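Chain lettering (A, B, C and D) follows the sequence in which the chains are written, and residue indices restart at 1 in each chain.
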Amino acid sequence: MSFPLLTLTAAVPAVGAVATAAVPAGRRTAAKWLALAVSLATLVLAAVQLVRFDPDAKGPFQLTESHAWIKDFGVRYELGVDGIAVVLIALAALLIPFIMLAGWHDADPQESGSSRWRPTQGFFALILMVEAMVVISFEATDVFLFYIFFEAMLIPMYFLIGGFGDRAGERTEGGAAAQRSYAAVKFLLYNLVGGLIMLAAVIGLYAVTADQLGTGTFSLQEIVQARAAGKLDLATTTERALFLGFFFAFAVKAPLWPLHTWLPNAMGEATAPVAVLITAVVDKVGTFAMLRFCLQLFPEASKWATPVIVVLSLISILYGALLAVGQRDIKRLVAYASISHFGFIVLGIFAMTSQGQSGATLYMVNHGISTAALMLVAGFLISRRGSRLIADYGGVQKVAPVLAGTFLVGGLATLSLPGLAPFVSEFLVLVGTFSRYPVAGAVATLGIVLAALYVLVLYQRTMTGPVKEEVRGMPDLRARELAVVAPLIALLLFLGIYPKPVTQILDPAVRHTMSQVHKADPKPDVNDVEAAK
Amino acid sequence: MNPVNYLYLAALLFTIGAAGVLIRRNAIVIFMCVELMLNACNLAFVTFSRLHGNLDGQIIAFFTMVVAAAEVVVGLAIIVTIFRSRHSASVDDAGLLKL
Amino acid sequence: MSHAASVHSLWTMSAAAPQKIPAPHIEYAQLSPTLIVLGAAVLGILVEAFLPRRVRYHAQLLLSCIALAAAFAAVVALAAGGYATGKAHAAAMGAVAVDGPALFLQGTILLVSLVAVFTFAERRLDPAAHGRPVDSFAAQGAAVPGGKAEQAAVKAGFTTTEVFPLVLFAVGGMLVFPAADDLLTLFVALEVFSLPLYVLCALARRKRLLSQESAVKYFLLGAFSSAFLLFGVALLYGYAGTVTYSGIADVVNGSVRMLDPALAATTGNDALLLIGGALVLMGLLFKVGAVPFHMWTPDVYQGAPTPVTGFMAAATKVAGFGALLRLLYVVLPGLRWDWRPVMWGVAIITMLVGAIVAVTQTDVKRLLAYSSIAHAGFILAGVIATTPDGVSSVLFYLGAYSFVTLGAFSVVTLVRDAGGEATHLSKWAGLGRRSPLVAATFAVFLLAFAGIPLTSGFAGKFAVFKAAAQGGAGALVVVGVVSSAIAAFFYIRVIVLMFFSEPKAEGPTVAVPSPLTSTAIAIGVAVTLVLGVAPQYFLDLAGQAGVFVR
Amino acid sequence: MENLIGLLVVAPLLGAAVLLCGGRRLDRGGPWIGTLFAAASLAIAAVLFAGLLGRDADDRTLDATAFSWVPVGGFRADVGFHLDQLSMTFVLLITGVGTLIHLYSVGYMAHDERRRRFFGYLNLFLAAMLLLVVADNYLLLYVGWEGVGLASYLLIGFWQHKPSAATAAKKAFIVNRVGDMGLSIAIMLMFTTFGTFAFGPVLERATEAGEGKLTAVGLMLLLAACGKSAQVPLQSWLGDAMEGPTPVSALIHAATMVTAGVYLITRSGAIFNAAPDAQTAVVTVGAVTLLFGAIVGCAKDDIKKALAGSTMSQIGYMILAAGLGPIGYVFAIMHLVTHGFFKAGLFLGAGSVMHGMNDEVDMRRYGGLRKYMPVTFVTFGLGYLAIIGFPGLSGFFSKDKIIEAAFAKGGTEGWILGGAALLGAAITAYYMTRVMLLTFFGEKRWQPDERGELPHPHESPRTMTIPMIVLAVGSVFAGGLFSINDVFLKWLEPVTGHAEGHSPVSALTVTAATMVVLVIGVAIAWAQYGRRPVPVTAPRGSLLTRAARRDLLQDDFNHVVLVRGGEHLTRSLVYVDHSLVDGVVNGTAASVGGLSGRMRKLQNGYARSYAVSMFGGAAVLIAATLLMRAV
């Protein structure tokens, strides 16, 4: 409590961002190293959080900080982490350095424009800014505080997407990569609209609390306790309306069908590292918020909405996978794959079983790592050939075996092959869903076949077969690139074989959430099997 | 005669003025119509003060005249300038700013 | 016969009057802000009259700055003296209220005007004419554009230093406007700050025709609306027999019976009250630019010299809403159930029209004009709350919004090409590449307009929506959210234009301003961010200032 | 002792890691390193086997829990091993045949510059396969299950520069995924039913669950088995899998992986025993497949594809046996082992032939090879005799038992199954004879290859012949040894249980019948291919032949229904996403823009029209206020 660890974890990258932006135009490399160092420092802090965090401690949140902020709005600067948050923070902090390393040369100015135009500094500063905001929105236990950074995050992301897209003249499905700013605007507007609708709900929440508790509050714990104590009781319709307001924003961010269409554009037009930032780091805030806010603030409404949401996520799973099969652009393919995976995550969250939710939270982590691996390698590949079209590749495996190999591993992780991390989480989600909604679970299982389809088709078309003319002489992974990919793959293997370190941190948090929604796991037909064992 | 009739007269004048503003093109005339409306107001004030039997209304009427005079000064100045630069006092000619 | 008798009675009253009329008792100290500013304005006229031309500029600048600063100091002193809360009362025989809202708004207006004066005084942006630095005002307002007289004036290096006293007069009027405690004062104040603005609008150095046209439109429509307002005043007077807010309020509440029961038969009916109230309301809505009384806004904003536009957009709104609040909260609370639905309608269409029409604008100043309309709608949502929270939220919003607007327009003055300011949006393409700093600043203001968190815009929007929601106007909040979504679209469009589209070869240059404008912009940015990140202190101020004296 | 089980899996895994991450420097020594690790696991297996034999029959099981894998709430999955007679049998088969084939590959792949990776993949396969059979719960089994799938994917597509190979690999994996779907659903069902999916509790208490659930589980397991073991309707991948290097076909697609389905069903016997409907499904699949595969095998001219068809059919036998319940389990496994020997031998022989005929696969271009590669001829011949069930050789014992058991099922069902099994035996005899004749007898029909030079067949190097010899020995004697006073049955009984079915026809009759059909099959084949010369280009053939050449139109069906349908579906979905889902949003934006454009027109620049709007506004305002009062 005494030492503001959480604040520090968010402040370091924020300050670092400013510092990086301030580096003079000439000293590009210095800025890069500075940014990398800052991100590593953040990683260290995140690690410290993990160490200081005690999974078995009482109470929902730890390392809490609480200061008055905007009294009139009932807003407090309240930070605190539960198992889920601390793990996701670690994930974000872990991925950022790799993202930077992967995008090391993405922002080098092609033509030396005005002396004051410093794209490189901007690129790295923006990444750090995003990191800071993501971290603090994971830490925030005050709805308003969370909302602020949830929204503010959009601005740096917007500039990252729109400002540093794939190099022009690159071959894409739609011709030249001119739709970049379209993608950026689409990203921003979708999320902004979602956020504004959430704003209405936030205000509504304040009105309700102010009305019933005398003073309006946004503190998650206060509200939850007040509801438990019966001091605060929402009319059914109110609760549902508020829930929908919150959920809409998160469903845009997640993204859930049919609010997903911004993601393929954004991921397609952004550079691979930024695409990873979007899908692996930023979007996790959406699914995380569903767990922390939707379920805990509005348990009844969540249960009420479950059937619809389950159906939507099923649609996302299959729809995303099928569209991935139909893509001709590598990055868009990965984007649709991610949509499918987010479907799994949401499904797991709203299955309302401990397996489902642990699976979903674990899925967030694993999906982050696996997508990072796949997307970054894809980025390396694209940067070599200057094209995102699958059709432009072939036989890469012959000329760049290591690249192909890492690509394959990334792909296998994406199709959640047993032994790699995503399998565990995906299976947990499936089991968790199946035990409550057998049909839904069975349908979702179709997803694993489709996943195999789109991954292997992609691999076959790009990597195998006779070597294409343009591909000939393509260099294999360089040291820097290998340094990015190898650790990720190692992590995928480790978490696939021994996920316990993560699960045991997640488990208590999940149990707490389950208790919040007053849901217990369905009992097996044949009981006391454990006893018989 | 019932002083309320003055109120009706005031209302009538006011309406005439407003109609003039809407109908006429010449800035000066429009301006005169505005003045007419102000006069209508004055009449109303005076009548009311007569009805209420206190002097506030009449005093306000004086204020109104002063203000109206000031308005005339500024207004004419502006209208004259634009007339000099456009050689027309028609408000419909001044249509550069639109959409 | 009857009327003759009443005439007689009238005579006796007036005959009896001279001895009875007491000398009015004026609390000069409590009116000091207004008096200082107006006095300085008068001094400014004298300066124009007697000082040699070369020293006028500096003299005027110095004078106005000192006056405004002093006035602000006076406001602070009064507030510290407890007039905002405990000792709040109606001064000058109940003509001018000295209370929390009044002082808060006066303080805001004074600060805004101070910053605005900086932009008025900017002389580095326009290329020097004949070796003499010139500001953005016509060499000689009376001269025909492009005519001989003007050329001569330019050659002689005339500059319109009259703008400073004009601004001071306007400010004086604005200071009284929200504090006016009877309808007459309201009307007079309205004219006092409108007339100088009409003139200021006509004084642009470049694009004179547009400038004059905007002046004419503004003037005619302004006069038209003030005529309506005055008629409304007349009717209210007829209804209540008095023009003091408290007096009317008493009659409305029925706590005071009307003097002459015979009168009640004819005039005592509520028609007078309702129509009169509506007309006065309309006059104020015109000033704040609410739909359907908004149509002057875009034209005038575009045509007027940009510093004036900034000043108008910021200060007029503050004053206008101040008066509106006082009218609705002090005079017509008894009529809440009559005017609230109407105001609902006005607020809704204002938000929507402002946001929607802005989408297809191609001129920066017009764009900002429409955005100001949309924001008027948002503020109205707060006004409608009719709770103390509502008042303070509106006060806060006004404070936040005015500085953002001022800053935005000051940035507009910087982007120039051969024809003066390059206000057409297409010219702004790629500005972010050419001068990142300016573009970034403008982006900050746009984000504040859009209500992105961590900017003052968000805090304000949240405050008013929260007040509205608690005031039972949930539907307004929803509409507000929708229109903010639409609004976000065009703010973003400008940002895209500045940062993501390739700069044009014959694009505009960004003039390097003098410290004056730089300060103005810097203050704008600072306020935007501070109110966005740590609004609590100012919310407290607004909260304490949230009570009207009656 | 227990810890050795883990080591069993880890050893080849280590080998794979070393070889795959080792980099170029291991290129030369790679093959031997791989073989070494394989041999190591064989040694460990031997030790374990000895250990088991050391105990008395009813507690020959070893259990070891390495660590807790996924502990989440009520969901506990451990990495634990369970070694009993059943798994031991597989372990020996896998490590034994595996090691031999490693050895063989050393010679076979000698000239491939990517052989290091090849051996890496082989080791990976061994590890996965061993994990599959020693896992003590279904989830861990699933890991091995998919692991072998991955290995097979990598090995089928090993020559990736050949598009056909890449496609075949992809097809194999995806078809298998369909099966895996079945397995995962089965596991979920178990979890919801028993709250766990560890072999122990599930199988012990299987009877307590409702039959409906068990049937569902059984069918899902069957689906999985169909995928892995290339049973109808998921058999289509096996033929294409022959694109892989021959050792792979021998190891994975003949001896070990494809038999995993049999293992799964046998292992889950307790569930099937309690779900007769599921069992019926199993036997049906088995019977259909054994005929299907046999028919396909008759029509193929590609030697490996012919053998693949045979494999399919033989596994059909095993599945059939396994579906019969306690009567059949033992014989299913027994046939599995013997088949492991002779089919592996046959494939290695085929590989050796191809090796000598510069990778020619069309049997019509062989002929008269017996003189040129005697060792191959002899070993292949012994394998041939074994598979057709020549008295005294392995196949004879195992297959005969299965046919008996089929009849023993009793009733019409028994007759149908038995009949099918007999018919299958006849066809087996036919097509294997055909292969034999086309390859080693008759006159030379060699054709110049694409480089235009005639092949000059030669015996293969020692590293290749030795494994062939060993396997040949196995295929000759294994069956006999197993049958000597039912040693194999006694060995397995504790795990699978055993029931003597009383067949309507005596064992002797069955044997006799088998002999008869065998002779008939051979005779027909001889009549067709032995007496008259064989055309180098295949004759058009009968309708059935042509259908059989195309795997009885299975692929065409898949292509039309699944591939085409899928393409249409995805393409239309892409359209939907772009035009509908996205269109709605863009449409809204556009409409706002249009509205804005129209409202903009109101701002027409005429001061008077502005005044009008103000006037109107005032009127409305007044009217509204009055109205409010009125209502």
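Here are some notes:
Heads up, the rule we're going with is that a contact is a pair of C-beta atoms (placed from the backbone, for glycine too) under 8 Å apart; a residue touches a chain by one contact, two chains touch by 3 or more.
These numbers come from a predicted model, not from an experiment.
Counted by C-beta pairs in contact, the busier of B-C and A-C is B-C. Averaging Cα coordinates per chain places subunit B and subunit C 23 Å apart.
Centre-to-centre spacing of subunit A and subunit C amounts to 46 Å, using the average Cα coordinate of each chain.
Computed from the mean C-alpha positions, the centre of subunit A lies at a distance of 65 Å from the centre of subunit B. Rounded to a whole number, the gap between the C-alpha centres of subunit B and subunit D is 97 angstrom. Multi-chain contact residues of subunit A, defined as those touching 2 or more other chains: 189. Among the residues of subunit D, those touching two or more other chains are numbered 589, 600, 603, 605, 607, 611. Of all residues in subunit C, those that touch two or more other chains are 216-217, 220, 224, 228, 298-299, 489.
Chain pairs recorded as touching, per the definition above, are A-C, A-D, B-C, B-D, C-D. Residue ranges on subunit C touching subunit D, taken from their complex, read 216-217, 220-221, 224-225, 228, 270-271, 274-275, 277-279, 281-282, 286, 291-293, 295-296, 298-299, 337-339, 341-342, 345-346, 353, 356-361, 486, 489.
Residues 68-73, 113-114, 116-118, 147-149, 151-152, 154-155, 159, 162-163, 180-181, 184-185, 188-189, 192-193, 196-197, 199-200, 203-204, 206-207, 210-211, 216 of subunit A are the ones touching subunit C in the complex. On subunit D, the positions that touch subunit B within their shared complex are 600-601, 603-608, 611-612, 615. Put simply, subunit A touches subunit D in their complex at residues 189-190, 257-258, 260-261, 319, 322-323, 325-327, 353-355, 358-359, 395, 397-398, 405, 412, 417-419, 423-424, 427-428, 430-431, 434-435, 438, 441-442, 445-446, 448-449, 452-453, 456-457, 460, 463-467, 497-500, 503-504, 507, 510-511, 521-527, 529-530, 532-533. Every residue of subunit C that touches subunit B in the complex is listed here, in rising order: 3, 6, 9-10, 13-14, 17, 141-142, 144-145, 147, 184, 187-188, 191, 195, 198-199, 202, 208-210, 212-217, 219-220, 223-224, 227-228, 230-231, 233-235, 237-238, 241-243, 259-260, 263, 266-267, 298-299, 302-303.
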